[in-house]
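Before anything else, here is the set of structures, which you'll find just below.
Below are two complexes that have chain A in common, paired first with chain B and then with chain C.
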Partner chain A sequence: MPASTMSFPKIDAFSFVGGEARYVDDLRPPALLHMAVVRSTRAHARIMHLDTAAAMGVPGVVRVLAGPEVATHLQPLPYSFGDPQLLGGRRRRFDALPVDEVRYVGEPIAVVAAENVRAALAGAAAVTAEYADLPAFLDARVFLDGQASGPPEELRSHVVAENRFSSGDAAAAFAAAEHQLRLSFSMQRSSAAPIEPRGYLASWDESTGRLTVHASHQQPFQLREQLAQVMGLAEEAVRIVVPRVGGAFGLKMTGPVEEPLVCLMSRLCQRPVKWIESRAECFLGGGREQYHDVRVAFDGSGRVQAIRDDLVVPIGAESPAPGWRQAFVSAATFPTAYDVPNVEIRSLVVATNEPPWHSIRGFGKEGPVLVMERVMDLVARQLGRDPADVRRTNLVPREAIPHRMPSGYLIDSGDFHAVLDEALALADYERLRVQVRTAGGPDLLEGVGMAFEVVPEGGGHAAGRLTAGVAPTAAAPESATVCIDASGHVQVLSGVTNPGGGNDTALALLAAAELGASRSMVTVVQGDTDRCPPGTGNASSRATSVGGAAVVLAAREVAGELRRSAAAMAGVPAEQVVLRDGAAHLPAGEEVSLAELCRGIVAEGRGSSLSATRSYQPKNLHPGGETDVYRYSYPYFSSGGYVARVAVDPRTGTVVLRGLTVVHDCGRVIDEVLVEGQLQGAMAMGVGLALLESWQADPYGALTTRSFKEYLVARAPELPSFTIGHHAVPTPNTLLGSKGAGESGVGGALAAVVNAVDDALSRAGAPPATTFPLDPPRVLALLAGGGEAP
Partner chain B sequence: MTGPEQVAVRLVLNGERVSALVDSDATLVDALREDFDVTGVRIGCRNGDCGTCTALVDDRCVKTCLVLAGRASGSEVRTLEGLGTEESPSAIQQAFMECYSFQCGFCLPGMVFAAEELLDRTPDPTDAQIRDALSGNLCRCTGYQNFVRGVHRAAEIRRDGTSQT
Partner chain C sequence: MSRCRVTFPGSPADAAAALLRIAEQGGRPLVIGGGTLAVPWLSQGLVAPTDVVDLGRLATDRIEESAETVRIGAMVSYQQLIESRVVAARLPLLQRMARGITGGIQIRNQATLGGAACAARPYSDAPGVLVALQVTMAVEGSTGRRNVPAQDFFVGPERPALSATEVLVDMAVPGSVLDRPSGYYKLKLGESSWPVVTAACLLPRGDDQQGCNLVLGGVGDVPLVVPVPQADPGELDRARVSRAVAERVEALPPDRLWGDVRADRDYRRRVAGEVAYRAVRRAVESREGAR
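On to the complex of A and B.
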């Protein structure tokens, strides 16, 4: 078979390896201007004076915009993903550029458009600002003290939301507890850091009054809605087109102020304007940081009777982008996969003078997984028991699923005991456990660790009982159009988008299967708001499970029409026609190719193609016997058991990851290669969080991890090949029974690797690891008997 | 304020002679993209960290964000576009497509050329040799696992003397 017609695991594969794929920075329309952003150098200050005159004098500079002028053109930015009150959060107003006050180092204060990038940057450098500093709030850990009695009055202005979830009677359980533990955990701020940073190309057409925006983006329809609102345009006047995206991982959602600013610049200059983020700008964004003060009550068998977690989540400066919402999800995901009868979660979501949170793979679920998995290990250690047994004692049993969590999240499906046991077997855990105790020596400390991860996905992060005054929530639909033309070519137009993974391939496979077509007969169109039916883009692992369901429904409708046409031609009942191998097969053994069939339909004058558009919403089936009514929340939970093996060099503090195994349940697997690709990338990110990745700022709030030389991500030699197994428990809540495979792996890998390092260190007498990442300075500090790196 | 001096840059780019006047402080990656319309080198960091600006310059893997375009004048430069065709891809291109080695594809310039260079000097590399050879290139999508498989597969294709399966 010639290479060009081979069916590779990814559609359009050659366009990538041949260098033809077009990303947003590859687009260069005529008369293009380039935008640069002037950023605040102060964490919190009043802007006393902003001087743009010198910038206008830089050759090539066409326009400079600062806050006061922008405010005359743009409406305030709306919140993405709905009102903050859905999450118990306060509201505030967001303008594209500040007029009088800056809230973090790196906040945009002006934008410059110029004939070339050099002139734009020179113009930006020529803008000067005078500030009067205000007190900067950079360390949210002050909230950890006395959280039970509520935050002190002088700090209340920083509190964005308080999220409290409870079940049972934690106070009584602690009073009666046989054993107790109190643990503190600090999870570092980290950044999505795709290799392609953000980028937008805005083209205003004065003659039509239309704005076209090419964006490296995850949410074209949400971006269209936001831009229309902010710019005072009808939604039909805005077209978003997403070219190839060089990775997103949550970074490229709607909300950053550069989005409306580059569009405004295009409208004011009457020319196309492009803004491509620099690597240092990309690193401003972060997420995941959280501080936990955890108390655990348990009995001699390791059964956890109660857990109380006072957590503080610093979300950086408030922002309309959805990143800050992850704080709610972190609190609401406790106590993960475990059946703990008494739970008390008290979370403070706190604004600081650091750059705003962006959404980031895991969307808040990886923090609670890390905490609960550390807790399980430390309970086991205190009792001298096998950590696997302690987990088995506490996991929600299969027969108790569907299981309502204290927050109102609903675990829809899963078999946690089987998944854990299969992971342990696949990793040969029993042998490893013995081996790490006998191998190594004073020069090399070996460890094995495990983790159990649950990942609520499919959209629906708000939760809780639906009582009086509580706004209800509903499942967002996805939609798809499937059409087949007179040549038998199938086109799938979908409202979900592809951040660079394989969901376009999955959609093509699903459509082809319904139509009896080959995948090569299918083209997938995504990310163009003029052509595609609406959808949520790329979020919460919905593309295949929800977007794919819409494709299947639309394709089924087209397939039904094809069968009816073939049946009418042959004079047989439609049920006897089988679509397979690109043809309609008739009962007498005859076959009609799909192309021929379509030509016939077109010749009959029934349009130039057969087409159907359908949408699909996941369900939220409640447990039988439940009397309370709950908000709609995440429709499906993926789960996974993880086992990591590490070796630690006690002289250097270096950790070598020797192996990482997962058995994963994402329900029905549509395509194993694509699912495993998602897991591999997410697990690599989780390993990075355990050992390397850490966003850092100086004492004045200025980013110090500005490049990949300071912000370390895993490189090829630092990772082993992962071992992946599947244990599919389909969800009743989606058409195909498939669940999510996009976020799984971050929290599981993170927690398993941390637990493995801790296992190695604990046998050398180190105290428990509670502050992350476990980079060499921190490992050495633990071996010296302390928790904090010097 | 005036712009920098211009210098003439002449290259043999993917087999064709090309030339342009570029700013004397322009890096090779900018000249390739802006002046010679190449999209098979990309900008991920401008700092030599990520590798997605990689091209072959006089048959050596070079991070073109770290080289002034003027210094490369007179060189032969090969980018992804100059490697294979859809009908006849290079062994690495073929293997990376077969093994689902990449996802978003943004990192491919570095991955492809680092792998080509490795196989030129080490026809049958070990996992560790492959991971070392790829270590100058960052990928956030894949965890590198399928790149390692892909390089092994490319070694096999090169040995068998065919890129067809």
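On to the complex of A and C.
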């Protein structure tokens, strides 16, 4: 069994740092056309007239497509990840381009193909539109008032879904409560912001009737399925190839309208067509925004008896892309790692006239972590107790796991108390707690904060009891093919893809371990729907845990065959053959190299290589004593304890992050370097969300954070080196016992940093921080004693 | 975006002549210095000039020291400012400002001080520093050259005192500000952020009778000169500086206060005194360090 990868470094690191990696924009086939997108300048309006004639007159422009023509070629766009009703959501029809109404500033209204990028942009600029404005709905906070009695009639048309989850009897618990708190929290809209924005190159081949799409994408098989459907093609007629990807973070899932449009353009022009998103276009997307009105009942020991959260989640304009589904996950993840007997979550998911949500790392799970961790801190503060103790009092104990959450999500594994205590010890929390009170002074406020994060992972965001009329859900499988050829070379073909984080290295490592092969003997092929067995790409922190399990199963099958061959040659039982160091070792001490063994097998005429394809599905275990039946949902939960230390400059509101520590449980660690790489990135994102990142628009709904000079992310110089520890509690639900790495870290770091800043501010008499990010203007407003900056 | 002609004038007079010609033909010129702002505007289709006037061959990229002044060509890059021995020795304020420019070595090599001045953004470092240094901006037009004090050069946000037929040639730093102890403080929201509020401070040299120059950037829509009480710089404590800043800011009409996506006017007004004080303190420290 592989333990660590000290001898197994990341396979392709040099191609990334050396500039050799080829991205979609590096592909330039002959006769290539470039596409540009014309976008709405209105948040909500009727399209009175769209004039494309001038654009056709721009030199180099080959074709302009607008809504009415597109509708004659393309089927309506399907919802990604299944029917909205799985999440209690309403359904609507989506066309690739609008015909009569625009719903946000930046919505595509036409596309232009031209001989070069300049001409395409010039053509797009020459398209003119006349609009009749309609009322724009840009601030969903109006839903916060009187949420208990349901949304007012005149606002009902904005409601996409209502999600309610409850357990126990919250009303009774509040009536009997010793202590109560009421808090509101506003989490800002933020964006995925990968280094490489989206990009597609579509090549239609009229002679074969096949469409090949090179895409910077996370989910090639989903893209193939949906493009085939929208284009009216057989799935076999579509090939998706994913070149190197410069980060995805959820942004590159299936659904944006440029996907079918670039393909249609290629088919109509009979030439390859490329579309590369600009940075400003990339920043249109967003997610995570949510408003919470939280009530908490607790006793003098800090034990939380009840929590009620009325939340409003504005998902932007409705879209078939999966982003809006994160709203359900946010509500369903309450009350995170805590064992709260009485829970009432009422979530309104509302459409606005802002750009649609895209999926973002964390997939909705970071919002509830932020809220619950703020709640734990504020309960502790009200009682004058150590926030660590209040958490210990409320965390789900190890012996109560598996633990069913109000939504129906099942916490499968974990040891939260141990993880928290190890994190506190690793960060030297007791000492920090004293130190922040004595250090500093009028020029510097020091603070320490903690957070506990759980992250449901592995795919399966719908949840709930499986009662009459409720559609069941099932685990999505991953598959892999492992083959070894006559020269002993091992090829792994996987249905999971690599957004740049390096899961290919983990897959190679797992195959090599089963086959006793060395690193140089293995190559990994991903992201090509013609070559790879199907899978879900990269999503829900499952590439290694689930995709890796399929690799292990396939590799085991090949290994078995190799052992049997070696055994037959030597006349010994197969169980006595050990595959190690690129050879089959026989009991008598002899060895046969894998290459030799394979040559023998090939010579026997058993094909040109030895190959096996296997698929793997994680499972849901059913806790004993449970009588209700539940839908299949996230098979495993990773968890983590986080401690942050900050210094706040009270005269400017600037925050410096001094330290960030995590102890993380992702089950069995397959590759420590890769897991920690994921954590580093996720934690950096969490820090950015706590302190800087904020999607902003003007009063008319037009994006104002159009570049990295306005949309600020945390950069290396402002981040301390993180301290990372592991505490592995394997999940019973995957073959290898491994859980996820990828999403976890965002919510934990976010909440810990916010709590640390709040700790510093509270000692200076500021009211609790409830609106984020805690950027200098907001911090200064809090220190000024009250009202937060808007 | 349409096609446009590109010219490479060989001298400031050529540049002015080219601009005049374009104006007479009713064209829309775009002057490009280092191009770090102007080229992205072009490629993003935010501007649609008929003519591009590229100053790359103007030979105004020198730093010249004479007895009376240090003359900095409009096309001098931040990196030149960082590496120049004259700037290091006599204008540490300018060097410190250049060192804090973000964007890495590519930007520091390509972006010019003149370009930053002509962009005249309230959310940038250079304007306040140029005003603190009492620089004289030499502007070439079709009718010849004129000199504009830096303080008058910044007319409004993104509005330099340049007509459509003029280019900035160089910036002359007077002898009276050379070798003076100085301090610079920049407040920004994150590592990659544009400046939010800046302050540049020059203290008197030794015991002569000069005053203290204190200039704020990012508070008003142009650099704000803050009159500082004639005190021993050592007595310029937080309260005194903050009071002086508050008085200056209060005197400003509200519509001349600056706010943008990073921070509103209110925040800038609130931190202005502290930012100014930190610049003063750094200047005092640098003077004491030199003693």
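Keep in mind that, in the parts below, the second predicted complex is superposed on the first by the 780 of 790 C-alpha atoms of A that agree within 3 Å, B and C clash if a C-alpha of one lies under 4 Å from a C-alpha of the other, contacts with A are read in each partner's own complex, and residues count from 1 in each chain.
As a convention for this text, contacts are C-beta pairs under 8 Å (C-beta built on N, C-alpha and C of every residue); 3 or more make two chains touch, one makes a residue touch a chain.
Model, not experiment: these values are computed from the prediction.
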item: Partner chain(s) touched by A:777 [first = chain B, second = chain C, both, neither]; value: second
item: Comparison of chain B and chain C by chain A residues contacted; value: B
item: Contacts of A:717 with chain B and chain C, given as first, second, both or neither; value: both
item: First (chain B), second (chain C), both or neither touched by A:21; value: first
item: First (chain B), second (chain C), both or neither touched by A:696; value: second
item: Partner chain(s) touched by A:708 [first = chain B, second = chain C, both, neither]; value: both
item: First, second, both or neither for A:652, with chain B first and chain C second; value: second
item: Partner chain in contact with A:683 - chain B first, chain C second, else both or neither; value: first
item: Partner chain in contact with A:118 - chain B first, chain C second, else both or neither; value: both
item: Contact residues common to both interfaces of chain A (with chain B and with chain C); value: 118, 122, 278, 708-709, 713-715, 717
item: Of all residues in chain A, those that touch chain B in their complex; value: 1-4, 6, 8-10, 13-14, 16-23, 25-26, 58-59, 118, 122, 192-197, 244-247, 249, 276, 278-279, 499-502, 673-674, 677, 680-681, 683-685, 707-709, 713-717, 719, 721-722
item: Complex contacts: residues of chain B adjacent to chain A; value: 1-3, 23, 33, 38-40, 42-47, 49-50, 52, 79-81, 83-89, 92-94, 96-100, 102-109, 112, 127-128, 130-132, 134-135, 137-148, 163-165
item: Complex interface listing, chain A residues touching chain C; value: 118, 121-122, 125, 278, 280, 651-654, 691-692, 696, 704-705, 708-710, 712-715, 717-718, 775-777, 780-781, 784, 789
item: Residue numbers on chain C that touch chain A, as the complex places them; value: 1-2, 44-45, 187, 189-194, 196, 261-264, 266-267, 270-271, 274-275
